[in-house]
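Listed next: structures, encoded as structure tokens.
Across the two complexes that follow, chain A remains constant while its partner is chain B and subsequently chain C.
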Partner chain A sequence: MGKLYKFLKYFFITFWAVFVVAPFLWAISTSFKDFNSVNGGATYIPWVDFEPKLEGWKVLIKSPANGGVDIVEPYFNSLFVTCTASLISIVLGTLSAYALSRFTFKAGFVKNNDITFFFISQRIMPPIVLSIPFFLFLGAINLLDSLIGLIVVYIVLLMPIAVWIMVDFFNKVPREIDETALIDGCNPYQAFFKVVLPNSIPGLIVAGMFCIIFGWIDFFFAFILTFTEVQLLPVKIVALNSSITPWWSLSASALVSVAPLIIVAFIVERYLSKGNLSGAIK
Partner chain B sequence: MNLVAENLSYKPDKQFHLNEVSFNFKKGNIYTILGRTLSGKTTLLKTIAGLLTPNSGEMQFEDKDFLKVPVWERNIAMVYQQFINYPHLNVFENVAFPLKQRKVDNQEINDVVLKSLKSVGLEGYENRKIQELSGGQQQRVSLARSLVKNAKILLLDEPLVNLDYKLREQLREEFKNIFSQGLSEESIVIFSTTDPREAMELNGEVIVLDEGKVLQVGSAKEIFENPKTLKVAEISNDPPMNILQANIDTNQIKFEGIEVNAPNHLNNVKDKNFNLGIRASDIELSNNGFEFEVELAEISGSETLLHLKRGDAKIITSIEEVMNFNINDKVKINFKINKVYAFNEEGILASSPFGGSYV
Partner chain C sequence: MNFKHKYVFLFPGLFVLIGILIFPIIFVVRLSLSGWNSYNGLNFIGLENYIRLFTDDPRFWQSFLRLSFLSVTTVILQYVIGFALAHMVWKDIKFQRFFRVLFLIPMMTTPVIMTVIWRTFFHESLGPVNDILSNFGMSPKWLTDPVLAKFTVIVVEVWQWTPFMFLLLLAGLLSLPKEPFLAAAIDGASPVRKFIYVTFPLMAPISIGAIIIRLIEASKIMDTVYVLTSGGPGTATETSSFYIFIKGLREFQMGYAASMSFTYLIIMIISLTVIAKVLTKVLLKD
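Presenting the complex of A and B:
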């Protein structure tokens, strides 16, 4: 029993690891191939199976005039839009989540839970429902095809995630901690910034991570709300695909586009294992 | 200059959490709020702290309308029944927090905090994380934090209830010492508890609270000797005082087929029917006593609590030794009849062995 269990355990772990890592290995090796190596049948090992070339990577930074596609600008656009929208969403979302968790709101039959649900409901709708209103709205205020317009739209999409995660998190932080801070001479703002916030770092990190991921991978709105002036990375990568599919540069751009998420995941993992709330209340 | 409240009521929904509570707390004294769970003790303390705003009533402290002073300017301290500390700070920083908030000079903070930690027996724990401490130690940290402030009002909301028996006994002793030395004549200490023994031991003025109403105010001794009503008698005794339906006729008390001579202090009981109150400790096993049936026997510490039944009458007695009983055993007991209380049919004290009467 014990041996079989151990065998099965490692078998599935290995299987899963291969399943997850194999596409990356495939992308890495493909990004160093050229036209001939890709079309000459399945090859995997550089220098043995095929001659590695840097062409796939070079195309990404060359300007279009030199036959490249230049993803540098879309890359930084994406970074800027995602980070700014995530930051604003986290700040606004955390403040509203704290209010929803600690104060009682009542307007007719609308209470705290209804307001929380209203936030989350923004994510329940399929994005296509929102696309036309967004398009008309941004058109009306002249923000179509601009970074600021995209940031506005992404805040609408990301803030519900932040509110959702942080309401849940604040509900688990005992109210008595805030009260003790008040008793110890903090006004409500000081209580929030000096006591509640430092104890909410794990929640903030989780919420931030989700915002960054959802913002970074969004293709749909970036595609609909931009044309030529501003381009985001996912749209640019898809645009690489022309009459012939450039597998090498597609693979290279896929790798650079997941790189930030991998870095975020490593940072977050370290913080998540550190933070916990025990000791506040036993 | 006292903390004076008049007719405080708090009714967040359909039920009163506080119902016309009035009090007059003097500086330099300890007050104990005694009541069962959900009697409104925490609500009362939070109202004094300013965390809750009463629906009606007034509260004055140092000639100011206290209800208008925000929590953070009230100069109070509070210890919760849960062990509330700041989890992101270590022990020293936790205790120093209120002083830093007041912008006290660093050197002074250092001295005061170390002294305070010493007084609660946590010397050498300054750099520990809160999470590394046991429950009792965590509660000492919050006590230390509330002591450094030199607060004018110190609120303790059942601070010992979540601790195990031994620690509770030990901390209770320490609390008494700390209160007797460490507090200035300028402070009011308000201690809430469900445990009558705690109230008696702290020996301050006791306020008996039930369903948001103040039932009786008096010294611990007074409440113990002359409980004003049946409710007070139940709340201020652990186990609760036994109450039996009885009637008195020509100096004979009768209940459940038992007849005994009425003691002298019951002479002034006018009603024929009354409620007979007797403490669990005033009932003893005796070979020529009255027969009761054992419903339940619990051993608690070095005493045995016997739940007994005879007809409709149910009583609890405590025996000062560990004994084993089986359910449905027959035991014979006697009442220390000169220690019984009489409450009239409305539940008001009619006669007590200590001479009190509210009829």
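Presenting the complex of A and C:
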């Protein structure tokens, strides 16, 4: 029984690990190919199945005029939009989450939980529902196809995540901490910034990571609300896909685009193992 | 202690969110009651859009059924696989951290970009899947056969989002109290019984949360479909979001698209509430 279970366990884990890695390996292999090794049917191992070429990687640094793929600007656009929107969401979300965790609100039948639910429930909103009015509105105020317009929209996507994680986190930070600070003569703002916030850094990091993930991987809004002036990374890569871009440069640019967030996986795992994520979903 | 300060903390976030959202939402409702075109803007046409939607548009309802099928199937698969994986790397295992990080990675990658890779992966003549299958004399049309295309979408979605389920469930497992497991160990319960009578019931609330969160996200399936099959072949993988997108932002029937998206939103809210209630009842029966 024990042996069989152990065997099945390692079998399943190995199987899944292979499944997870497969597209990456395929992309890495493809990125070193040239025309002949792609179009003659699938090939896998460099030097054995095909002669590796650096063509796919070289186009990344060439200028578009010379047939290069310009992903540098989209890269920085994506980085800028994601980081700005995450930062704003975290700042505003953390303040609101602190209020919802520590104070009692009551306006008619609306109580704390309802306000928290209002924040989180914004994730239920299908992007398509918002995309049409956003498209028309941003068009009306000339923010269509601009970084600012995207940041505004991304705040809606990300703030619910920040509030969700931070409310939960603050609920686990003992109230005595702020109460002691208040008795010691701090005003509520000092208590928050000097005492509570330094004790909430793990929560802030986790919330930040999630905001960055969900900002970085979004395609839909960037796709609908920008055209030519501003291009984000996912939109750029998908545009490459539909044009006649060869597989090798497509794979190389795809790999470069997904690489930075893989570091995030390590950070998330760290906080997961320390137990900082545990309460977040109850 | 009297805190007027509490509003200073709450309001910036709340008002920014409401400020960004309120006009679009009101506008969707208004737009759904209108015809729209770019030269003379809105003209009020009452419930016409809704009448058309409910009486004369089987394609919308088909796409909704397809969405339900795809999201429920993928979430069930993700839950089962995610739970299995989380359970396996929860306790002592070799290379524990390596596997944990590895299993999280797909979630960190941009779905559309990975889907671009998957497209080459499932390519009919040049992709590795069919290269291997061709040894057995098969060459399935992963992206252009109506049934297989759905399967491919499911595979990609499961690859992409099982890590999220895995993350939520592993976080849950790591937060479980130790005592029930000690008691089960003292009673000499077998691993299977331990799972059925201790782990699973303790995980029920977390499971419900994770399933609902994933259902919410899965109900938005759109980017994967757009890149992988563009809703095709025909409409075989077209989901609600994608159909609304075509009507609204490709054919520019904004008013009609708005009425569809409003209907879709209402259906989503109702069905997710019902699912949450039913799950709570089934999993937390005692």
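Methods note: the second predicted complex is superposed on the first by the 262 of 282 C-alpha atoms of A that agree within 3 Å, B and C clash if a C-alpha of one lies under 4 Å from a C-alpha of the other, contacts with A are read in each partner's own complex, and residues count from 1 in each chain.
Everything that follows uses one rule, which is that a contact is a pair of C-beta atoms (placed from the backbone, for glycine too) under 8 Å apart; a residue touches a chain by one contact, two chains touch by 3 or more.
This structure is a prediction, so every number in the text was calculated from the model and none was measured.
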Q.
Looking at A:Ile45 after the superposition, I want to know if it touches chain B, chain C, both of them or none. Which is it: first, second, both, neither?
A. neither
Q: Please tell me which partner, chain B or chain C, touches more residues of chain A.
A: C
Q) When the two structures are overlaid on chain A, which partner does A:Pro198 contact: first (chain B), second (chain C), both, or neither? A) first
Q) Touch check for A:Phe19: first (chain B), second (chain C), both, or neither? A) second
Q. After lining up the shared chain so the two structures overlap, which partner does A:Ile183 touch, if you call chain B first and chain C second: first, second, both or neither?
A. first
**Q.** Contacts of A:Phe219 with chain B and chain C, given as first, second, both or neither
**A.** second
Q.
By the touch definition above, which chain A residues appear in both interfaces, chain B in one complex and chain C in the other?
A. 182, 187, 277-282
Q: Provide the residue numbers of chain A that touch chain B in the complex, in ascending order.
A: 174, 176-177, 179-187, 190, 195, 198-199, 276-282
Q) Which residues of chain B touch chain A in their complex? A) 46, 49-51, 70-74, 76-78, 80, 82-88, 97-98, 101-102, 129-133, 135, 138, 142, 145, 149, 162
Q | chain A - residues contacting chain C, complex | A | 1-2, 5, 9, 12-13, 16-17, 19-23, 26-27, 30, 38-39, 41-42, 44, 92-93, 95-100, 102-103, 105, 115, 119, 122-137, 152-153, 155-156, 159, 163, 182, 187-189, 192, 213, 216-217, 219-220, 223-224, 233-234, 237-238, 240-241, 247, 250-251, 254, 257-258, 261-262, 264-266, 268-269, 272-273, 275, 277-282
Q | Sites on chain C touched by chain A in the complex | A | 1, 3, 5-10, 12-14, 16-17, 20-21, 23-25, 27-28, 31, 81, 84-85, 88-89, 93, 97, 99-114, 116-121, 125-128, 130-131, 159, 167-168, 170-172, 174-175, 190-191, 205-206, 209-210, 213, 216-217, 219-220, 222-223, 226-227, 240-241, 244-245, 248-249, 254, 257-258, 261-262, 264-265, 268-269, 272
